[in-house]
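Each chain gets a letter, A, B and C, in the order it is written, and its residues are counted from 1.
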Amino acid sequence: MSRVWIAGGRVLDPASGIDRVADVVIEDGRIGAVGSGVEVSGAEKVDATGCWVTPGFVDLHAHLREPGQEYKEDIASGGRSAVAGGFTLVCCMANTQPVNDDPAVTDYILDRARNDSPARVLPIAAATKGLEGKIMTEMAALQRAGAVAFSDDGHTIMDGAVMRRVLEYARMIGAPVSVHAEDRHLVGQGVVNEGPASTRLGLPGNPAAAETVLVARDLLLAELTGAHLHVGHVSTAGAVDLIRAARERGVHVTAEVTPHHLALTEDATLGYDTNTKMAPPLRSKADVEACRRALAEGVIDAIATDHAPHAPHEKDVEFTAAPPGVLGFETAYAVVMDLVRAGEISPIELVARLSTGPARVFRQPYGSLAKGAVADVAILDPDREWLYDPLKGYSKSHNSPWAGGTLRGRPVVTLVGGRIVYDVERGVVAP
Amino acid sequence: MIGRDLLGIEDFDRADLERILETAAHMQEVGLREVKRVPTLRGRTIINLFFESSTRTRTSFEIAGKRLSADVINFSAESSSLSKSESILDTARTLDAMAPDAVIVRHKVAGVPKRIADALDAPVINAGDGAHEHPTQALLDLFTVLQEKGRIDGLTVAIVGDITHSRVARSNIYGFTKLGADVRVAGPPTLLPPAVESLGVKAFTSLREAIEGADVVMALRIQSERLQGAYVPSVREYSAMWGLDRAKLRYAREDAIVMHPGPINRGVEIAHDLADRRPSVILEQVRNGVAVRMAVLYLLAGRAQAGQEGAR
Amino acid sequence: MGRVVLDDAAIRRALVRIAHEVVERNEDVARLYLVAIPNGGVPLARQLAANLLEIAGHELPVGVLDTTLYRDDLTRRGERPPLRRTEMPSAVDEKIVVLVDDVASTGRTIRAAMDALMDFGRPRAVQVVALVDRGHRELPIRIDYVGKNVPTAASEKIVLHGHRGTLEPPLEVRVEAREQG
């Protein structure tokens, strides 16, 4: 019987509401006991004094790039980067090459994950074949193969009738549909938020309405079909208001927000750094504040990284030509800790949005430190300051707006299924 | 204090602008001499790095550089590997290895000169980037107005046309407001940038209101592809509502001057007979371009970044 | 501060004497063209022109020629020096150009002025006036007319005090110590 004894940390378990200094004992990959003064023999002891002990983070939105774009990232490197960020479960988007619209691709991803990734990986399959927004994928077969949700992500389904049928069909099999809600026509050539920043930069603007218009459509279609709509990376105050109102009238909607949309405004784009180019774009201060409030209130269920690795040569180009997206895993905790430090959210609520909340959204049996739960655990030092150098990180790519910056808050140990897979001193130690 | 690069008028303060304009006035005198060349930048190399073709601006910089005795080398994207796979920064680093004393950059995408400046030792001069800035155009416009009106403080300047896609508009907005003019922009709402008033101007969707009492009326060039329905319904409707002619101009001050950054779409932004004669000062603008660019090159070329003196 | 080497009266006497020397040396006074090197040379050239009108009865053209664009010391350091105006009211071809500067020293400014002058045409001859010659010549350049030779140490500088911003000649010339550092 293998045992790990996590001693002296501040245990934060949103599932059971525990927030106190306690020891956590893990036995054979499951949580054995949470208590004080327990005497554990024959256990590997991890001193967590001064640290938070939380359920491992669950990311509902990441791009691991495999198969097809392994020069940016692969399941092994992405998985290592995830556990270095405290994430124990990553749901990866379907925009691989080939697209994950076929159970064979789903199988491949799961197989690679089992062998190479220290983090759990669960695929999100495409909602339409080839992400073309026309013909539905074989959702039931994909679900049987292991897909946890369906999404065309950035290839937003613009045809409302297709979207309606996708939602109806997904409802039948009880799967969530995750959306990147941006009206592609309103986005146009837009690469930064439309407003004072786009005007100063002279770059085409992407209006907040591009998001709100499509969030409104998808909420109405979710209401019509009774399906579970999950709104990806919410970035506007308008979308937040629409989601809040839909929830109040009983629409089955969940939502996520990224660390960058919680931390950065459009002003970050003013130097033309392509590592500030995101989709949706970094928004106004008022939008950021609305997202932060919605996260604290629980209108937004989850923090999702939208981890989107791109190779240096792809980002070293004109702002308009650069692919949108940034790395997310390794900086997420430090970036969102700003909300705790600003007094906008309690530690246990923040942990809920990183673990328990997202696990519930995709109905996964993780995100809990209750006795008998799978021992996916993150140990986090909330005050540790560190210099973030993507070259020393685990992703194959280095596209981060925080590169070279000093961050505060860092995952120090990550356990998946009771096994230590990451330790800040030794790095990723398994597989 | 004038920094290493000239990326945009937004970065300059009033004293910087006045210094450049004063220097330009002296450079203008050089252009009147029998021998229009001074040895100031002898032995220095200036690279004209034009990713977007612009014969006018490139030639103006080339003449300016040559009048200062610099070696001016034209590097155009069409003849390079850029269209293939070399990144902008690779190109910049390659050029930097040739140790230029200034690199003049033109690109159709906003922000490219800034990215290149970040990667280079040499001073970078923005010769127009997307819809961002075209600082030397604004400097020559300021210079022209100063010569025509004797001042900029207190003038009313109306900029008319496609403001959204205009780097000339942005640079002029910064330049004229910094020097104390009251700046108005006007155009169809589809061609006014969002939150344009955050730049310190007043926006109008009526030509008449915009040029009422104006001392300077500046028409902007409109790209023909924007006149085919996406932004305005047709050329005819645009020129009827927004094209400058002598009849519309009577709403401006009696002594108002008319400017245009060129090249002109005759009969679209500006009536044929207005473009060629007073109160139009379009040819003066072109002439002043050389003097202003000489001033900029004199002030910047071959200078090290503050704190890096003698690095080479 | 410092010692006075020329006072107001001495400066005026020197400019009268120089005017006489110029007339003595140049039979063809009508060919003369005074060209001042700004800023210090400008009031001196005007005063010389007035003196020459009195002595020889000829109203001579006075030009102003900035030498900044011809300097040999533009470095990578710091800001570029401000330009000063150049105003050459008539052609220099076949003229006897008399360059007028306040203080002659290394000769580099005179060298720059001669180069600049050649860009305006081909003068028959070029002569040089300096109110003060402080020595330290670095180029083979001779000053034809000197108000006063003032040998100085490298640690000293020549300072002209006078009506700032007017066209009047300076009131006095001093030798002062350079600031340390």
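Note that contacts are C-beta pairs under 8 Å (C-beta built on N, C-alpha and C of every residue); 3 or more make two chains touch, one makes a residue touch a chain.
The shown structure was predicted, so the numbers you read here are calculated from the model rather than taken from an experiment.
Chain centres were defined as the mean of their Cα atoms; on that basis the chain farthest from chain A turns out to be C. Of all chains shown, the one whose average CA position lies nearest the global CA mean is B. Taking each chain's centre as the mean of its C-alpha atoms, chain A lies 76 Å from chain C. Computed from the mean C-alpha positions, the centre of chain B lies at a distance of 40 Å from the centre of chain C. Chain A and chain B have Cα centroids lying 45 Å from one another. Across the interface of their complex, chain B is touched by residues 66, 69-71, 74, 76-80, 82-87, 115-116, 118-121 of chain C.
Contacts from chain B toward chain A in the complex involve residues 10, 87-90, 107, 109-112, 114-115, 129-133, 167, 170, 193-196, 198-199.
Residue ranges of chain B in contact with chain C, taken from their complex: 1-2, 19, 22-23, 26-27, 29-30, 33-35, 37-41, 68, 298-299, 302-304, 309-310, 312. Here chain A touches chain B in the complex through residues 194-196, 198-203, 205, 207, 271-272, 313, 316-321, going by the rule given at the top.
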